[in-house]
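In the two complexes that follow, chain A is the common piece, with chain B as its partner first and chain C second.
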Partner chain A sequence: MPVLLIIVPLLALLVLNLPWMRLMNRLALWVGLILCLIQFFLVLHSPSFFWEAPPLWLGRLFLFAPSLDYLSLVMFLAIAIVGASALLVCRYSIHDLLEPVKPGACSHKRFLVINLLILALTGMNGVVLANDLFSLYVFLEITAVASYILIVAEKGRDAFEGAFKYLVMSAVATALILAAIALLMLTAGDLSYANIKLAMSASSDSHIVLAAVAMLVVGLFIKGGLIPFHGWLPDAYSAAPAAVSVLLAGIVTKTTGVYTLIRIVLSVIGFSDTLENLLLLIGAASMLVGALAALGQSDFKRMLAYSSISQVGYMVLGLGAGTILGLAGSIFHLFNHAIFKSLLFVNAAAVEQQTGTRDMNRMGGIAEKMPVTGCTSIIAFLSTAGIPPLAGFWSKLIIIVALWQSGHIAYAVLAILASLLTLAYFLSMQRRVFFGKLAAGFENLKEANVWILIPACVLAAITIGVGIGIPWLFETFLLPIRSLL
Partner chain B sequence: MMAYTQALFSAGIIFTVLLAVAALYCLLFSRNLIRILIGLELLTKSVTLLIALAGHITGHMALAQTMIITLIVIEVVVIAVAAGIVIGAQRHNQSLDVRMLRNLKG
Partner chain C sequence: MSINFIFEPIALPLAAGIIALLFRREQGKACAWFCTAVTAAHLAIATYLFGKEASLTLPWGAFGFEFSLKLYHFSGFIMLAAAGFGFLISLYSTAFMNDRRFLNQYYAYFLLTLGMVNGAVLADNLIVMLFFWESLLLTLFGMIIIGQPQAFKTAVKAFIISGVADLCMMVGIGMTIYMAGTMTMSQIHLPLDTWSSVAFVFLMIGAIAKAGAMPFHSWIPDAAVDAPLPFMALVPAALEKLLGIYFLARISLDLFVLNPRSWLSPLLMVIGCITILLAVMMALIQRDYKRLLSFHAISQVGYMILGIGTAVPVGIVGGLFHMINHAMYKSCLFLSGGAVEKQAGTTDLAKLGGLRAQMPVTFICFVVAAASISGVPPFNGFISKELIYDGALERHWLYYAAALLGSFLTAASFLKLGHAAYLGKPAANHSKVQEAPAAMLIPMIIIAVLCLVFGLWNALPLNNLIQPILGEARLEGHTFAGWHFSVTLVLLTVLVLIGAFLNHIWGAKRAGNGLGAADHIHYAPVLHPLYDKAERRLFDPYEIGLKIVRVIARIAWGVDRGIDYLYDTVAVKVTYAFTSGIRKAHTGSLLAYLSWSLAGLIVIIALIMGGI
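Up next, the complex of A and B:
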C-alpha cells in the first residue's frame, strides 16, 4: 500500500488544521518529524506487507495504480531525510511563538511553514509514485504550489521577486509538459507510461512524437534548473527562508526535475542517440557554467545554488551516458547530493542566523566560534568536490567511469575539470567564511543551538557513512539498479 | 471522415499555436506583472484546447474531460498564489512594473 505515503500526510494535514490552534501549533513539528521517520524506516526495513500489499479501500479511491521500483525507494529515503532536516531547521530559524502578536500579522508562521512543508513532501511522494503522466502533472503542481508559498513565507522583498521568477518559469514548464501530454495522448490514446511507450515504439519517428518528447524534456530541464533555463534557481534559493532553501535545493528541484527526467527516460522515451547527445551537452554545460558562476559569488546561499546547478549537471551527464553504470552513478549522485547539499544549506542557515548576514566578504574565522558548523561544512564540501573516501567521490567516480566506458572521453575529462572547479569555489568559501582571522564584530558569536546541530551532525554522519560503507552499499544500493533497465 | 479529422486537427493546431504565440508575446514583452499573469493564463488555455482536441480526435473524450477539469482547478490555485505574490511585490515596490524586480542578480 505505498499509496498510504500520500494519504497519511494528507490526513495529518487535515487533523493539524482542526480548530485547536494552540495544541496543533505545538504538535505540528512532531507530526512532520514522525511522518518523515516512519517513511525512513519503511524504506530501510522494507517490510513486504507495506510495499507489496494490495491497496485497501482507501487506496482504491485513487484512479492511478502506483508504481514502485528500486528508484522510488531511493527517492523516498532522500525525501524523508531532507524533509526531517528542513523541519528541524524550521524549528530553529522561524521564531514566532514568543513574539507579540501584532494586529493583522500572522502569529503562527512556523505552523504554516510546517504545514506547507508536509504538503510539499506529500506532493513529492506522489511524483515518485506516479505511474501515468497525468498524476505526475498533478503532483508536480502540488509540490510547486507549496514551494511558491514557502518561498514567500517571510514576506521579504527579495522573496517575492524570487518566487515570481520561479512561478513564471515553472508555469511555462508546466504548460510545455501539458502540451507534450496532449500530443502523446493524440498518438497513444492513453496516459500510462507503459501504453505511451508501446505507442511510441510503434511510431517512433513521427513529427508529433518528436515534438512531444522535445517539449517534455525541455519542461523538465526548466523544472530542474539546468543551463540555459537556470535563471530562476539562484534567485529562488537565495531569497527563500533557510528551511525552505534546504528543502528546495536538497530535494524539490531534484524530484520534480531530475528524478522525473530519469523516470520518463527510463519508462517512456527510452534512450536514443539524439537524446543522449542532448543530455550530455546540457549536462556538461550546466556542470561548467554552474561551477564558474559559483566562483564569482559573494552571497553564501547564492553560491550554493550555483553549485547545485553544477551538481545537477553531473546527474544529467551520468544519465546521458546511456549505460546502466551511468544510470547507477546518476541515481547515487542524486541521493548523495540530497544529503550534502542539504547539509551545506543547513550550515548556511546556522551562519546566517548567528551572524545576521550572508555576505561572505564580511565573514571570517567563524569556525573558531562555531566549531560544529565549521566541521560539518568541511565534510559536506569535501564530499561535493569528490574527495575520497566521502560519498560524493564514489558517485562522481562512477559517472566518470561510465562516461569513459561509453566512449565519451571528452565529457569524462570535462567532469574531472569541473570537479576541480568545485574544489576551487568551496575552498574560497571556506577561506572567506570559516578559516582565517575572526572578522571584526563577531567576537560574541555563539554556536547555533541544538535544533540545527542535530540535522547537521546526522547529515554529516550519513555522508561519511555512505562513503566508507561503499563496499557494503555496492551490493545493496548500486547493484539493484540493474533491474531498472 | 479521415479528411474531416485531418482538417479539424490542422485547424485546431493552428489556433492553439496562435494562442500560444500570443501568450508568449505577452509573457516576454509586457512589463506589468498582472499582464504576465494573463499571459500565463493564455498559455494554459492554449494547452487546454490542445488536450480537448486530442481527446476529440482519439475518441477519449472522458479522459480529456477529467484532465481538463483537474487542470482548471490546479490552474486557479496557481493563479491565486501568483496573484498573492504580485500583491506582495506591489506592496514592497509600490509599483507593478516588472523592472522593479531587479534586486537579485549575479
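Up next, the complex of A and C:
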C-alpha cells in the first residue's frame, strides 16, 4: 500500500485547489505538515501493515509495481523531515497575505509555493518507489518541474537565471536519461529494473548497453550536481527562496541524483571496476573542488551550495568503495546530510530574513542577537565537518573506513583532508557571521520567530541524537543495509 | 623498644614542620622556640636511638614495593649528627632570624628537611630513599627563595642542578634494582662489572651532587649570598654533606664493593682532587665572608670523596671522619659569619676589620674552626686530613700532592679571611658593634669545643662513630685512633702550614692589608684571566648548560616556526590558490557549464565503453 504515499498527496493537492480559496489558503500548510508527519511516523513504525499490504483499488490504477526495501524507508524518512522543515520555513519567510491582492491574479504566493512543495514531495516519493526506468523518469520530471517553478517563486532576476540554468542542464540530463532508457528498451524489451539487469548480464559487452549506462550515469550526475556537471547548482540554490533552498539542497538533488544513482547501480548496473573507479574519481573531485570553492565564497547560501557538492562527493565516494560498508556509509551520510544541510539552510533563511543580506562580509557577531540560530548552526557545521560525536562524524568515518578496507587508501586520505577543508570554510563562515563583534547596523537585530526556530531545533536535536545514539542505531539503521546487496 | 619507634625521627619533624606552617606571621618568635623545642626533643630521641638496631617492613603499593626502614649504626650516627646540628642551628636561628619575614615557612622547611634527611638515611628500600631524597628538593627550593626577593633565580638554579643530579641517581637506582632483583638496600651486594659500574657512576653522581662536589656545586656560592645564613650552616654545610657522603659510603661499601683495582676508584679520587683545588682557588679570591665559606664547603667535599675513593680502609675512615668534622667546623664558620653579619651588618670583607676586640668569643670560635679546616694540629681537621693523606699516598703521590696543595690554599684563604675580618684596623662605622647574643654564641662554642675534643681525643669519635661503619672484617684489626702518624707526613703538613703563613705575611705586607693577602695569586700572570672568566661564571656548568639549552630551544623554536609556516602559510596559500582558480573558472556562463558537462559526458562514455 505504499503507493498511497503518492496518491494521497495528489488527492490533497486536488482538494486544496477546489475553489474555496480563503479557507484552503489557511489549510494548505497544515495539510502539508500532516502529510509529512504521517509519512514520518509510518516509516518509524515499519514494518507494519501499511508497508506490506497489497495496493487497494485506487493503487491499482498505477501500472507499475512499487518496490520497497530498506533504502526506500530511509529516503521516505528524510523526505518527510526535510519536507516538514521546508514547509515551516515557507510559513516563516513568505508573507503573501500582506500583499495587496490584485483582482484576477493569484497573489497567494505562499499557497502556491506550498502546493508546489507538496507536488515535489509527491514526485520524490514516486522516485523512491519506482521500480522501472519509465516511472522513474516520470517522477524525476515531476520533481524537476515543480523545482523550476519553486526557484522562480520570488520572481527576481537571479531567480530566473538560476532556474534557467537548472532547467537547461536538467533538460540535458533528461535527454540523456531518456536516450539511455530508449537504448535499454531496445536491448531488454522491458524497463523494469530486474529485466534490464538480466538483459545486461546477458549482453554485458554490447556497445549499446555500455553507451546507455554511460548516458544514464551522466544524467544522474547532472541531477546530483557532481563535478564537472554542477554548473547549475550554486545559482539555483542561492537564488531560490529560502524554503525552496532547504528542499533543494536537503533532499531534491539527493533523491533525484544520489539516491537514484545508488538505486540504479544496485538494481540495474551492478558494480564493476570501471564504474567504481569512475565513481571514486567523480566523488573525490566533487568533494575537493566543492570544498575549495566553498572556501572562496562570501554569499552564505552559495557557500552552502558548494558545501553540498562536496558532501555529495562523499556519498558517491562511499558508493564507489563498492563494499557493503561503503554503501552503508553513503546512505547514512545521505540521511545525515539531509538533516544538517537543511538545518544550515534553515539558519541561512533566518539570517537572511532578519538581516536582509546574504553577504557574510557584512555580518558579524549575530549569535549575540540570534542565539538559537547561532547554536544550531554550530551543531550543523560541526556535524558536516565530521566532529564526534555528531551524526556527520559517524557517516564520514564509515565512508573512510570503507575506502581504507577496500584498498583505496589515497581516497581515504583525500576524504580526511577534505574534512579539514570543510571545517576550514565552516569555521570561516561561523566567524564571519555569528562570532566576533556585532557588525554595524545590526543593533536592533532580533531572533527569528518560532516558525523557523522549531525546525532548527528539531533538526539540531536529530543531528545530536543520531550521533549519540549510534550504538543503538547501528542495529536498526546500518545493519539492515546488508540486505541491499 | 617498640618497633614503631623507628618512625619517630621521620614523623616528629615532619608533623612539627606542618604545624609550624600554622603559626601566623607575627608569631615568629613562638615558632622559633617551638622549632627549637622540637629539635631538642628530636636530639634526645636520636641520642636514645643511636647504637640500637631495628628494622621495619610494611607492604606498600604494588609491584612488590615495600616501605622498609632500617636503623643501624651508620644511620643512627647520621641521624644523631643531623639532630645535633638541627638543634644547635635552630637555637642560633631564634636570635639570628628574629626580624625576618616568612619565619613560619623557614622553620617549617627546617623541620621538614630534618625529617626528610632522617627518612633518606633510615630507608632500606631504594625507592623509599629516593622519595625522601627527592623531597629535599622542595625544602631546598623553599628555604633559598625566602631569603630575599631576588633569590628566585638562585632557588631555580639549585633546584635544577639538584634535580638533574637526582635524575641521574634515579637512573642508577633503576639499573641497580634491575641488576640486583631487589629494592632492599641491605640485600644488595653487587660486584663491579661493566654495567654495575655504570650504575655506580649514576648513583655516585647523585651522592656527590648532594654533597656539593664539582661540577654540581655552582648554586652553593649563589645561595650563600641569597639564602638565610642558618640555611647555609644547616643544609649545604652539614646535612647535605652528611647525606651525600652517607650515600657515597653506602654505595662504595655495601651496595657495591669498591676496590682499588676498579677504574671507579681513580675516577672518584680525580673528582675529589679537582674539587679540592678548583674550589679552594676560587675561595682564595673571594671578598665576601659567606661566599668564601661556601667555596670551602665545596672544596672540603673533595677530601671526603678522595678519602672514600682511595678504597683503602685508612682513606675511607679519613673520608668519613672528615665528613663529620667538616660538618662541625663549617657550620661553626657559617655561624660565625652569621654573627658578623648580624652584628656588623655586612659580610663584605672590604667593609669589615678589627672585630676581634668587639666580638672576642666569635673570634675565638672562628679561630678554632679555621684551624680545624686548615688542618692545624691538634684539631679534628688535622686528624681526618692526615688519614686521607695516608690513604692517598697509598694509591699515588700525585693525589697526596694535590690534597696537600689544597691544604696550603685553604690555610692561606682562612688567614686572609681572619685577617680581613677580625684583625687589622676597625672599620670606620663599626665602633658600636657588640658581641653576638648568647643564643648565637652557645652553638658556636659547643661546636668549637667539639672540634677540639674530636682532635685531641680522636679515639672517641673514631672508635665509636666511624670505624664501626666499615666493620671489623674490613678494618682487619687495624685501628686509626690515636696519634701514630708518620713523622714525615706530619712534618710536611706543618711545613705547608708554615709556608701558608709566610705566604700570607708576605702577601699582606705587599698589599698593605689582610684582604689583599692573596692578590699575588689572584693577579698572577696565567691565573688572572682564568679567575676573571670564572668570576663571570663562564665555567659554571649551570650557565654553560643554560646556553646549550638555549641553543636547543632556538632550534626547536625554528622547527616549530617551520611547522607553523607549513600549516599557516604554505597550506593556506596553496588552498587559496586552488580556490581562486576554481572561482575564476565559475564565470556563471551557462555555455561554459554546458560544455564542461558535455566534455564530462564524452570522457565518461569513452571510459565506460573502453573499460568494461
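Here is the rule we use: the second predicted complex is superposed on the first by the 479 of 485 C-alpha atoms of A that agree within 3 Å, B and C clash if a C-alpha of one lies under 4 Å from a C-alpha of the other, contacts with A are read in each partner's own complex, and residues count from 1 in each chain.
In the analysis below, a contact is a pair of C-beta atoms (placed from the backbone, for glycine too) under 8 Å apart; a residue touches a chain by one contact, two chains touch by 3 or more.
In this text, all values refer to a predicted model and were calculated from it rather than measured experimentally.
In the superposed model, A:Y148 makes contact with chain B only, not with chain C. By the document's definition of touching, neither partner reaches A:G250: not chain B, not chain C.
Looking at the shared chain after the overlay, A:V168 reaches both chain B and chain C. Applying the stated contact rule after C-alpha superposition, one finds that A:G231 touches chain C and leaves chain B untouched. In the superposition on chain A, contact of A:G296 is made with both chain B and chain C. Once the two complexes are laid over each other on the shared chain, residue contacts for A:L186 go to chain B alone; chain C is not touched. By the touch criterion defined above, A:V138 reaches chain B but does not reach chain C. Overlap of the chain B and chain C interfaces on chain A comprises residues 161, 164-165, 168, 172, 234-235, 296. Residue ranges on chain C touching chain A, taken from their complex, read 575-576, 578-580, 582-583, 586, 588, 590, 592-594, 596-597, 599-601, 604-605, 607-609, 611-612. In the complex of the two chains, the chain A residues touching chain C come out as 161, 164-165, 168-169, 172, 176, 204-205, 207, 210-211, 213-215, 217-218, 221-222, 228-232, 234-235, 272-275, 277-278, 289, 292-293, 295-296, 421, 424.
Those residues of chain A whose C-beta lies close enough to touch chain B in the complex are 134, 138, 141, 144-145, 148-149, 152, 155, 157-158, 160-165, 167-168, 171-172, 174-175, 178-179, 181-183, 185-186, 189-191, 234-235, 238-239, 296-299, 302. Every residue of chain B that touches chain A in the complex is listed here, in rising order: 20, 27, 33, 36, 40, 43-44, 46-47, 50-51, 53-55, 57-60, 63-64, 67, 70-71, 74, 77-78, 81-82, 84-86, 88-89, 92-93, 101-104, 106.
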